[in-house]
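Below are two complexes that have chain A in common, paired first with chain B and then with chain C.
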Partner chain A sequence: MALFGRRNVLLAMLLVAAAAPSFLNAYYVFVANTILIYVLLAIGLNILVGNTGQLAFANAAMFGIGAYGTGLLQVHFGWPFWLAFPSGAVIATAVGLAISLPALRLSGLYLALSTLAFAQFTQWVFLNWEAVTFGAGGFKTPTISFAPLPISKPMGLYYLSLILVIVLFVLAQNLVRSRIGRAFVAVRDSEIAAQSLGVDLLRYKALAFGISGFYAGIAGGLYSAMLNFVSPEGYDLFQMVIQKAMIVVGGLGSIAGSVLGASALVSILELLRKVKGFQEIVFGAILVGFILFMPGGIIGFLKAKVRGWEEPLHRARPGKRSTSAAATSESSEVRP
Partner chain B sequence: MILLTYLLLSGLTTGSLYALIALGIVVVNKATGVINFAHGELFMFSGFVAWMLHVQMGVPYLPSLLVAVAFGFVLGALTNLIAFRPLKNANIVSLVLATIGIAFMLRGAARVIWGGKGDYLPFPPITSPEPVMIGEIMVIPQQLAVLAGAIVIMAAFAAFFRLTRAGKMMQATADNAKAATLVGIRIDRIYMLSFGTGAAIAAAAAVLMAPLTLLYPDMGFAFFIKGFAAAVLGGLTSLPGAVLGGISIGIIEALAGGYIHSSFIEVSAFIVIMFVLVVRPTGLLGFNGLRRV
Partner chain C sequence: MTTALLSVRGVSVSFGGVKVLDGIDLDVKPGEIRGLIGPNGAGKTTMLNVISGIHAPHQGDVLLDGVSIVGRKPSNIARLGLGRTFQTSQLFRGMTVLENLMTGLHHRTTAGLIATSLNLRRYREEEEAAEEAARQALEFIGMSAFADRPGSALSFGQQRVIEIARTLIGDPKVVLLDEPAVGLSLNRLTEFDALLRRIRDEKGVTLILIEHVIRLVMDVCDQVTVLSSGRRIAEGTPDTVRNNPEVIEAYLGKELRARHSAP
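Presenting the complex of A and B:
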């Protein structure tokens, strides 16, 4: 195994993440926690867009539904966070499943429009259903406590996020390698071929939407707890584009790529947070640049250039050298 | 009765603007099979260019309009060069994301050049702002000017598309790109022309609309999604469908705002579009291209 191989690098990232709060100040812990939350969002979105090939724009809305669900259940019904948080994720999952119903009939650009319309509708509900959502001003959520454990709220939340990221990362990694993951890729590459192989389009599309909704809902619940505040602004279209940029930069259809993309883009976003105009220009440029010059994303680059990242079947056997062409062909997506 | 006619007229006016935006989207989609997600930002950016000329430099309205249209054409052609031509063989996800990237660059540039979030720039009206009563109907002259302008632009575009050599080449490419190549049409140029023409129509719409509302960097997306909805309502590849879809959406919005609640203006179009897509996925005048397996 190469020194900078996939397993070593991911393990090193995990160790740094686990130790981070002990040597970072409060602001950087906040940024690190934001990265963890976006990793969840990127993994969910990547399964839907990268693996299953559904051009959906509703992820930011489901992120918002998770955050609003978690926050509002606490505020209106006085539920404890530990009950409201999973419920928020369940609501987001249910919404994800519901919007997959039109997705069965629509594909490509029509799906893009219907999910965009849904996202705008959600945003409108957040803004205008003031009796429940408190309108444009948003609302404060109660500060959660990790009462029996002797840790502060930011630390507790950070480690809660980290544990969820690890669990959901492993889950996603196993999922995409399973029968279900292969069915997703079959749906992406050709719906007709997938159907003729006995892949039930309704079931797998709904599953992909449900999974991305679940990941977004978990992320939304954590986000509302981290900020102690929920307002419509955080779940708008810019949010959606940030998440899309993450999976493009990381690598479409790669779970490890989602982690890398989310980490890279949150860092850039924090560096540029002073001027929104420059933030947008840099974001757009990164998105276009990666699509044009590195269509496989960071993960595609690593697979092609760094030993220990290539696909298992392309790994050079002892005594034989694999051609670089074979290694790169995997990084470019298979098209219908 | 006065309310109804007023709502219908203002719906027709905004609807004609949506129709122009939808027309640009359809022109690009017909030729290339792609939706240019930067279309709204091309619209916004050209509007700001006209504002800069007209308000800041004192150029008269009509020359500003023409310069903005030319500028829009160039921006559209550039979008084609950056985000479409190198990606012609890529999948639809990459193509859409590349145009979204362009959209964000333009929006950021507009914010840096012309002000921050929430800066609304007024554009002086080109006619008197006083409403006029024609019989029982209350009319704002600016609306009539916008409506007339929109009709002129649509007519000019229809003439260009049907009568000129370039327009016929565009039709041929839209029909069958391979056959068009075989008869000697340089389809890369046609793609560029389509992107440019679409953006030029958007630019004209922006300059027409500017005196009616205000300009702000985030306006592009709001108008794009209405135009996209209008285009889908009309079937995405039908030019008369785009006009019909735009006007329907304008009128639905105006009626929902007038009779239900003003907050419904923003959302009624999306409710309609979700419903239409579920019931009739190919739009009202769409080509019935559902594939049976």
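Presenting the complex of A and C:
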């Protein structure tokens, strides 16, 4: 195994993340928690956009629905966080599946426009349905408590986020290299061929929308709990652009790339927070730079330059790969 | 009649008032290699699209092994045992050759969201069997060396052959091939002949192929159906079709037909 391969680097990142609260101050724990939340968003969005090839713009809206769902269920119905949080994620998943229905008939620019329209509609609801959403000013959510555990809220939330990131990362990683992940890529690369091999397009597009909705919903619930506050502007078009930038910078169609892209962009945006106005400029420059010079993202660069970053879409059988490489010689019956 | 594996009955398709197919009948017996030829615009590809469920016919019926498949989704028809390839390469470029072939087993595998994401044993076993089958399929076409190449790094001809293997791996009853020999050099044609026969003989697959390389059609097909302007103008063994005056006319025009039949 390559020393600087994917597995080792991600494990090292995990160790740093697990130890981070012991050497970081409260502000940097907040930043680290933000990274974890964006990792979830990027993984979900990348499965939909990178793997399945669906150019959808509703992820920020589903992030918002997760946050509003989790927050409002606590505020209006007095539900505990532990019930409101998964419910918020379920609502976001359901909305993801629901918007996939009209979206499934559309592709390319039409899909982009219709999902964008949905996202704007969601913003409008957040802003104007004041009786429920408290309008433009937003609302405060109850501070959650990790009561029996002797742990403060920021620490508790950080480790909750970390555990969810680990679990959802592994699930996504398993999924993309299975028959389902291959069906996603088949839909992306050739719908007509995918169909002819028995891949039901509607079903797999809906599944990808549902998964991205679920990841965004989980992220939204965590985000609302971290900020103790929910307001419409966190889930607007700029939010969508940030998430898209993360998967482009990290690498489309790569779960590990989603982690790297989210970590890199949140870090850069935080570093530039003090320099007013500079944030947008650098952000735009990074995006243009990657699209022009590194269209494969960070992960594309690593795959080309460093050993051990390959991401096969199937499980490599231990010990079997070498034999296939060795038995290459004779077979050339039909080589057009 | 009843022995036909694939049966097309009175199928008509029109696009914007233009009749692309006009009451076509076609009966293909199990184990047959059927050629589908005709001048450009005769409706050959539309015919394959109707059979595979991409276009719905406005009239008529298509039966696969006695079951009507009109109105079903293409993915559903694939599940019933119909495979096809396309005029242009439709290899999944973001996958390796091996993964392309494994995708061909999609409708023959069942692991769902939970089994795959939790990496359950049932799924792992299915995945291993799929990989094994994919390697065997590569061996069948003599391209084992290409297993780990990305789909985007192959020549056009190689892509075409792998697409055929990708369809075969799902164990179809009937495979439709849309101009499979495009991109093959002439000296590879004999090998390709042999491959088509082996698909029929060893895999027991019935083939329907559209082809412009007439030599291939004449060599390998048991029966040939000729379409012209959406109608079936001839059907029979390659030899009888070759000498059919209507066929010669459709390809060469009236005057040449006179000259052709003169000596």
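FYI, the second predicted complex is superposed on the first by the 305 of 336 C-alpha atoms of A that agree within 3 Å, B and C clash if a C-alpha of one lies under 4 Å from a C-alpha of the other, contacts with A are read in each partner's own complex, and residues count from 1 in each chain.
Please note the rule applied: a residue touches a chain if its C-beta (ideal position, glycine included) is under 8 Å from a C-beta of that chain, and two chains touch if they have at least 3 such contacts.
Values in this document were obtained by computation on a predicted structure and should not be read as measured data.
Of the two partner chains placed by superposition, only chain B is touched by A:Ile291; chain C is not.
Within the superposed three-chain model, A:Leu171 lies in touch with chain C and out of touch with chain B [touch as defined at top]. In the overlay built on the shared chain, the residue A:Tyr68 is in contact with neither chain B nor chain C. Looking at the shared chain after the overlay, A:Ile192 reaches both chain B and chain C. Of the two partner chains, chain B is the only one that A:Pro102 touches; chain C does not reach it. Looking at the shared chain after the overlay, A:Tyr158 reaches neither chain B nor chain C. Looking at the shared chain after the overlay, A:Leu201 reaches chain C, while chain B stays out of its contact range. Shared contact residues of chain A, touching chain B in one structure and chain C in the other: 192, 195, 333, 335-336. Residues of chain A that touch chain B in their complex: 49, 53, 55, 102, 105-106, 108-110, 112-114, 116-118, 120-121, 124, 128, 192, 195, 237, 241, 244-245, 248, 252, 275-288, 291-292, 295, 333, 335-336. Of all the residues in chain B, the ones that touch chain A in their complex are 29, 35, 82-83, 86-87, 90-94, 96-98, 100-112, 116-117, 217, 221, 225, 228-229, 232, 236, 263, 266-267, 269-271, 273-274, 277-278, 281, 293. Residue ranges of chain C in contact with chain A, taken from their complex: 52, 54, 73-76, 78-79, 83-84, 86, 90-96, 98-99, 102-109, 111-113, 116-119, 123-124, 126-128, 130-131, 135, 139, 141-145, 147-148, 151, 155, 157-158, 160-161, 163, 166-167, 170, 183-185, 188, 191-192, 195. Across the interface of their complex, chain C is touched by residues 171-172, 174-175, 178-183, 185-186, 188-190, 192-201, 207, 253, 312-315, 317, 320-321, 324-325, 327-329, 331-336 of chain A.
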